[in-house]
Amino acid sequence: MNTTIELPGMSMKTPILPASGCYGFGQEYSQFYDLDLLGAITVKAVTAEKRLGNQVPRIAETESGMLNAIGLQNPGVDHVIEHELEALTSNNIPVLVNIAGNAPEDYVETSRKIASSGKASALELNISCPNVKSGGIQFGSDPDIAYDLTKAVKAVSDIPLYVKLSPNVTDIVAMAKAVEAAGADGLSMINTMVGMQIDVTTGQLVLANGKGGLSGPAIKPVAIRMIYDVAQEVSIPIIGMGGVQTVDDVIEFMMAGASAVAVGTANFQNPMICPELIQALPVRLKELGFENMQDVIGRSFASCGQPLSL
Amino acid sequence: MNTTIELPGMSMKTPILPASGCYGFGQEYSQFYDLDLLGAITVKAVTAEKRLGNQVPRIAETESGMLNAIGLQNPGVDHVIEHELEALTSNNIPVLVNIAGNAPEDYVETSRKIASSGKASALELNISCPNVKSGGIQFGSDPDIAYDLTKAVKAVSDIPLYVKLSPNVTDIVAMAKAVEAAGADGLSMINTMVGMQIDVTTGQLVLANGKGGLSGPAIKPVAIRMIYDVAQEVSIPIIGMGGVQTVDDVIEFMMAGASAVAVGTANFQNPMICPELIQALPVRLKELGFENMQDVIGRSFASCGQPLSL
Amino acid sequence: MKLTDASIVHQTLVAQEVYELKVSAPDLADAAEAGQFLHIQTGQFGQPLLRRPISIADIDRVEGTLTCLYKVVGKGTAVLAGRQENESLNILGPLGNGFPINQIERGSHVILIGGGVGIPPLYFLAKELVEKGIQCSAYLGFRSAEDVFYDKEFEEFCDVHIATEDGSYGHKGYVTDIVSTEGVVTYYACGPKPMLTKVKHQLPIQGFLSLEERMGCGVGACLACVCPTNTEQQYAKVCSDGPVFPSKEVIL
Amino acid sequence: MKLTDASIVHQTLVAQEVYELKVSAPDLADAAEAGQFLHIQTGQFGQPLLRRPISIADIDRVEGTLTCLYKVVGKGTAVLAGRQENESLNILGPLGNGFPINQIERGSHVILIGGGVGIPPLYFLAKELVEKGIQCSAYLGFRSAEDVFYDKEFEEFCDVHIATEDGSYGHKGYVTDIVSTEGVVTYYACGPKPMLTKVKHQLPIQGFLSLEERMGCGVGACLACVCPTNTEQQYAKVCSDGPVFPSKEVIL
């Protein structure tokens, strides 16, 4: 079965890619398999300046999920371009570069540098960071702020732009429409949900940062719902993510409306998960009676001539 | 250890109670134990008129959670007062009556009837329903609408009012403050998170209703975070819930700022969970070095003279 | 109805993906009746979250054991199939109302109609009917020859008619195609909804249908498992009002 | 570093809540070194979600087995303790960098300082040091007499000094109170952070510290497990840059 998918800036031979922050810059997992097997690679968030990130503990386990508060640790955009992205140029897969910041200028500068480096296929704007200029409101929770940021980044970048939506909002569709109107070429969803854990033996918050982002299978039903809602209201493609573990999860995300599916937390449990899913996908699709992978995308709401199975 | 807790309208001998909708009107679980063991009972949502609820399937299992879309099935407020609440008058525990509706008038009428029946200790306003008059926006996602509804219900009821907050919002603190300002005597949080599941073998949504509410351990980190944030901003007590399974979960909710803790989904796995937790709580608190249960509430943010343990 | 930590006596594969599970739980065996079900915590450490409803297929009150037959169709049943002998299995039950048989007169003839994993509860029913001197015939439907189970076991108590969808064993077609109600006073049916619908609408006599629905609590508290009825209440809870209903009461 | 389905040879309780786990995994045994760790999927069906890092306490390359010693402190270790002989255990490893010993000259004297479940990796290290003709002394700290394990095992290779916090066995107090560095060229320490901090700041010589931190991936990709360092990078990843660090590099 043909599993290729054409997304803005990214010609993928499989719709499966790793999610940002769970895969470093790829070098660690290249010890396990050839990265060229992937549909694309999403790298860890890059910021204008080097960041040391939060204190430890940075993660906590929850039921079928985990909280993380890494704090955007990264060596800064210049170093990333020179070393990390440079290393990836020896691979033949699209590179999606996740961008973060606390002020619009950070995002703009980082995006401009990455785009003009020629070493990225597309940008993924991580708008879940607090906007220091707007009193800490997340870029990702106000449609107007997200619109402005998307516009500003589009203006300095000539490569496609994916905006990564935060699920911590009342109306995800409004967010999606705002960034689409501002020129986003695609959406990534969902980022983590804000959560917290308390150690009852000490009464203290487990994460040094207090709050963290919930990821993993626990959040999958929320991700599926949000993608389902958004996919029907926008015409740009969606990279879906949130708790993917099995090939049926990949298909569920596609049926909800995702054109590609990213795997985050599951890499920690099984470092071979990406190649395993990539191999299993065409087999499982055939088993389910599909002849064409494209038919799966949006299947849950797209009207379909005949039932898939009886 | 003294585990009594005084909440508006409810003198509870333990802070543990069942959550609405997971416990019917109590009669089923009274086959397993004496309901008088409970701190209080929360009954299934009551509406002005009888409702048949949604089609089946009404539930789906997720990783460490479940989705439900029961659809407010209930025999209507008059029947509930005459039969279900009447039956509970033979017990010696506070009765918290969960109220739902799709228009403000529904809520007001139901609340008035319940309050004047004399058979309820307090009302719990379930504001996660879509407001048909405001184009389907949930009462629980707009602070102004929630404020108005709370005011309207307070005006017709002389028993304390708890407002049950929905987690599907950008700013839960704003919601909490709005209903507090409108006169709510307490908060219940959190209700379920909107989620969805797709059956990949058919491409169809699993729940007949499409979307459903996610409950269970999966959502606990989100519940803890929201209660932690809200407890520091309001001065009315919080009944905490969302994924409670163990006695340490109960304590975690209290440390986050809850004065009482409700158990929902866990009843399905273990019908004896409530009495088990009630028995375990004082034992575990003592083990953790507490002499007074009150010290636990808000422990994670309340400044405490000395560390709990070394 | 109570919570029991039963012990697994054995698990055996009896047909394609169908396991026979025998547990030791004397109190449960004493209390249970044909047509009731068990709500089983299939895994350990509370995973998966929800219990799984499985019918009681056989009871040995002397041994203090119960037998279930279940098919691996998803996560919960897969986890259950992986549980080992002597491990303890947490069971809530017996739940629901069994098949009413007291009204049937000695010497009369009834039929049992089962489809796939709807067949198990009919087995203990057959035993009980025969013990009461009631004659019974079993009509059992399967997808294919490799899915067939308990045909020999039923033959010890009644005459058995088998249908397979692909004709690889017994009659080709649906079990509802071969049912005969001549001289029969009532029927007891359990199987997939399409089968029950046909049974209710095609057969000229009334009987009893055992329904399946997704369950949360299993005890009547959550309202997950309703089915519409012709009664004044307009709906019934499969777990606590059923799973067995008079065929005329349920809307299918 | 690879994924292996090892088979559990045995699990034995060796002290209060401390288990000795032996697994058969010849490739892993061949590849592993003292001080490296395993990232273990403790349960089945992917529960709990994250792997748990556990040090390699012993390796038998002839038998093709590895031994770990772990204490039950929470969910993951509790689940692990419930796993049975012959069951398969999914292991990612060997991970991290072991204790550097090549620079130590034959005949010199080194000390091992371990606290509680920080002791296990020192055991295989002791064996290797002795085999290389290096003399070693072990200073082992425990909370109380019932927590003591592997004291006899260490005695086969080195002189052993025990401290317990409550004085119920050996010296009363912390292990750092009894350490002597006279004639010692370096030390290898593993244990809780307060112990390592004391070791780093109190001892007059430099050595190697094996750190613990909460881990996600275990391979350097998620940045969960960092510790601050004096190096140009300002931080290191415990999983892939460590867990063993020169004492002068890490900031404690």
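Remarks
Note that the chains are named A, B, C and D in the order they appear, and that numbering of residues resets to 1 at the start of each chain.
FYI, a contact is a pair of C-beta atoms (placed from the backbone, for glycine too) under 8 Å apart; a residue touches a chain by one contact, two chains touch by 3 or more.
On a predicted model such as this, the values are computed, not experimentally measured, just so you know.
Counting only chains that touch, the fewest steps needed to get from subunit C to subunit D is 1. If you take subunit A and subunit D together, no chain is in touch with both.
Per-chain CA centroids place subunit B at a distance of 36 Å from subunit C. One finds 33 Å separating the Cα centroids of subunit A and subunit B.
Here the CA centre of subunit B is 46 Å from the CA centre of subunit D. Residue positions of subunit D with contacts to 2 or more other chains are 47.
Counting partner chains per residue, subunit B has residues 62, 64-65, 216-217 touching two or more of them. Contacts between chains close into a ring here, every chain touching precisely two others. Contact annotation for chain pairs lists A-B, A-D, B-C, C-D, with touch applied as defined. Those residues of subunit D that touch subunit A in the complex are listed here as 1-3, 41, 46-51, 75-76, 92, 213-227, 234-235, 240. Against subunit C, in their complex, subunit B makes its touches with residues 21-24, 28-29, 31-32, 44, 52-53, 56-62, 64-66, 68, 70, 73, 216-217, 245, 265, 267-272. Interface residues of subunit B, counted against subunit A in their complex, comprise 62-65, 67, 141, 168-171, 193-198, 200-205, 211-212, 214, 216-222, 224-225, 228, 243, 248, 251-252, 255-256, 288, 299-300, 304, 307-309. Subunit D contributes residues 43-45, 47, 79, 82 to its touches with subunit C in the complex.
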